[in-house]
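The next block holds one structure in the form of structure tokens; read it before the comments.
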Amino acid sequence: MAFDFGVIFDSLPFLAEGLALSFLLTLLAAAGGIVLAVILALMRLSGYTALALISAAYVNFFRSMPLILVIFWFFFLVPLLIGRPVGGFYSALIAFTLFEAAYYSEIIRAGIQSVSRGQVAAGYATGLTYGQTMRFIVLPQAFRNMTPVLLTQGIVLFQDTSLVFVVALRDFMTATTIVARNEGRLIEMYLFAAAVYFVICFSGSLYVRRLQGKFAR
Amino acid sequence: MIEIRDIDKWYGTTQVLRACSTSVAKGEVVVVCGPSGSGKSTLIKCVNGLEPFQNGEITVDGVPVGDRGTNLSKLRARIGMVFQNFELYPHMTVTANICLAQEKVLGRSKAEAEAKAAGLLSRVGLSEHARKHPGQLSGGQQQRVAIARALAMDPIAMLFDEPTSALDPEMINEVLEVMVELAQEGMTMMVVTHEMGFARKVADRVVFMDKGEIVEDAEKDAFFGTPRSDRAQQFLSKILHHI
Amino acid sequence: MQYNWNWGVLLQEPYLGWLISGVGWTIAVASAAWVIAFTLGSVVGVARTLPNRWARGVATAYVELLRNVPLLVQLFIWYFVVPELLPDDWGRWVKRDLPLPEYTTAVIGLGFYTASRVAEQVRSGIESISRGQSMAGYASGLTTLQLYRYVLLPVAFRVIVPPLTSEFLTIFKNSSLALTIGVLELTAQSRQITEYTFQGFEAFTAATVMYVVITLTVTAGMSLVERRARIPGFIAKGG
């Protein structure tokens, strides 16, 4: 069998556009997801039963759903709610943000709980309010503790963005498939896609590991 | 019985044992003491090959421990060992803990192993706990089970690695009593411990280690009467006269 | 928002049948893949803790490779690429005679991928056991094989029941990726119903409820396992 990896070079600009969309989706969904996740985590730990229950229900609900189903849901739902068709990107962004928030909030909750209760007591003892104690004492320490895990979840999210393939949004995976089918070069293109994802995700995880080493000290 | 000759050991570039030599004759009780980090626990783990060493030779009953050709499993099965943190298997009952190696290493039948276990448990005063799991016992009880587990293999010698250091003070004696009894029955024992009362009572010799070296290796009375080295004197005065 | 509700569509044929068969395929993919994932993952996870450098190296490479490539890409490679790279006879057999090719490929792809995640749990379970336990085992004359069989693994597998539960749930969710190579599992069926009837709310709700039911069932079952496996008086460190 003759391999032709030249096809990759010819389609580089097209593939790069796809990769850019994968990154953009990852960054926006991570940012939105983390903001929502902090709110969910604080609700869960607020001590108000109603808030805690809502947060727990949200998290457990999304964690029992396959991401693909969530993507389908929002592709169907968002245009219906807005009343007109919108680009697939926004539907995907909303789906990923809401979905990832459930996972991020568990990480953040664990991070907040990893800060000792003595720290909270010390904050109150110096006259800080609940909000101030969270803002200046607990959350900074919590974020420091959980940065590696949040980044790892970011790598998972980046891999997950490949699933927008199911609604033909043109991320790196979809772009790869388009080239693969048009050129009849499935083997080369999928091996190439695997290599690209591997290099990005593996370097990412090496970086996280280095960070962990630094934080452990 | 145990011959240790010129042992050197490094962890990476740090040398943790320097030219250590000593021996334990059949029926002899040797206590190894010294400040923490002196290498005493490492040395005793070299005796049954749990820690590898780079230079020197250790033989147990004539079998060279460091040799590639030595069947370590077979040798270890003949040397009992008791650890600082007991190291009972948490998922097994007390009886199963005592039976495991009897069955799997010595090939004894289940009935035989259980009979042996029952005998040893009554000897260490724990018969009523035979069906419990280690997590349900106190530290002192766990350590007595660990001693029974080691004895079940009918060892030719026993190694004790700080057997009472992890115990609450009120439990130390119940373990030491079992060990004293063993010593008086003529068991060959090498004991790493800070319990100088135990050493005074049953040790034949005391080995004092510091910074990876054997500084002193003397008859018990000579060691406690007139330790020759400053380091041993300092150590003894600290350990015997703390407030 | 304009929408014509019609929950009755879910009880009509052929749609009800589609949903039921979708659940069937989801369970079939997930459980068969779990057998591979659990078996292979245990072997790889154990290998990562062995004294032998080669075993550790191979196992580490496996885990890093499969964890850093998206599952979707892996499925496509199993489906489109591997049959072409096999020796001719095998490739021909895979393409012509492999029974249920989509299903089989999905099971293999999902199984091998999840194995890398299970392996990490098994490894961390073994590493959570103190070194003293290995020393005690060796000191009583156990071989490495016996040490793992009787001392390390029984404790490690008990410690990792909760994370394994979560992996087991993940495999059900990830089985939805099988639709990309043509397995008509639950998610695929709900979308198909949407396409035929335009009743997306009803179809996706049905699928969602099914996944929630699967999650609740598995969680309940595993907490039973956890209670059964609990060691009296034993508190796991870390985890």
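By written order: A, B and C. Residues from 1 in each chain.
In this text, contacts are C-beta pairs under 8 Å (C-beta built on N, C-alpha and C of every residue); 3 or more make two chains touch, one makes a residue touch a chain.
None of these values were measured; they are calculated from a predicted model.
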Checklist line | Chain located farthest away, centre of subunit C as origin (C-alpha) | finding: B
Item checked: Per-chain Cα centre nearest the global Cα centre, belonging to chain -> C
Notebook entry, point to check: Just curious, how far off is subunit C from subunit A if you go by their C-alpha centres, in Å?
Noted result: 21
Next item on the list: Averaged over CA atoms, how far is the centre of subunit A from the centre of subunit B? Could you give it in whole Å?
Entry: 53
Check: How big is the gap, in whole Å, between where the Cα atoms of subunit B centre and where those of subunit C centre?
Finding: 46
Margin query: Show me the residue ranges of subunit C that touch subunit B in the complex, using the header's touch definition.
Written below: 130, 132-133, 135-136, 138-143, 146, 150-151, 154-155, 158, 231-235
Check: So in the complex, which bits of subunit A are touching subunit C?
Finding: 1, 61, 63-69, 72-73, 76-77, 80-81, 83, 155, 159-160, 162-163, 165-166, 173, 177, 186-187, 190-191, 193-194, 197-198, 201-202, 205
Margin query: Per the contact definition, I'd like the list of subunit B residues that touch subunit C in the complex.
Written below: 45, 48, 50, 72-79, 81, 83-85, 87-91, 100-101, 104-106, 132-137, 146, 149-150, 153, 159
Checklist line | Residue ranges of subunit C touching subunit A (in the complex, touch as defined) | finding: 1, 3, 64-65, 67-74, 76-77, 80-81, 84-85, 169, 172-177, 179-180, 187, 190-191, 194, 200-201, 204, 207-208, 211-212, 214-216
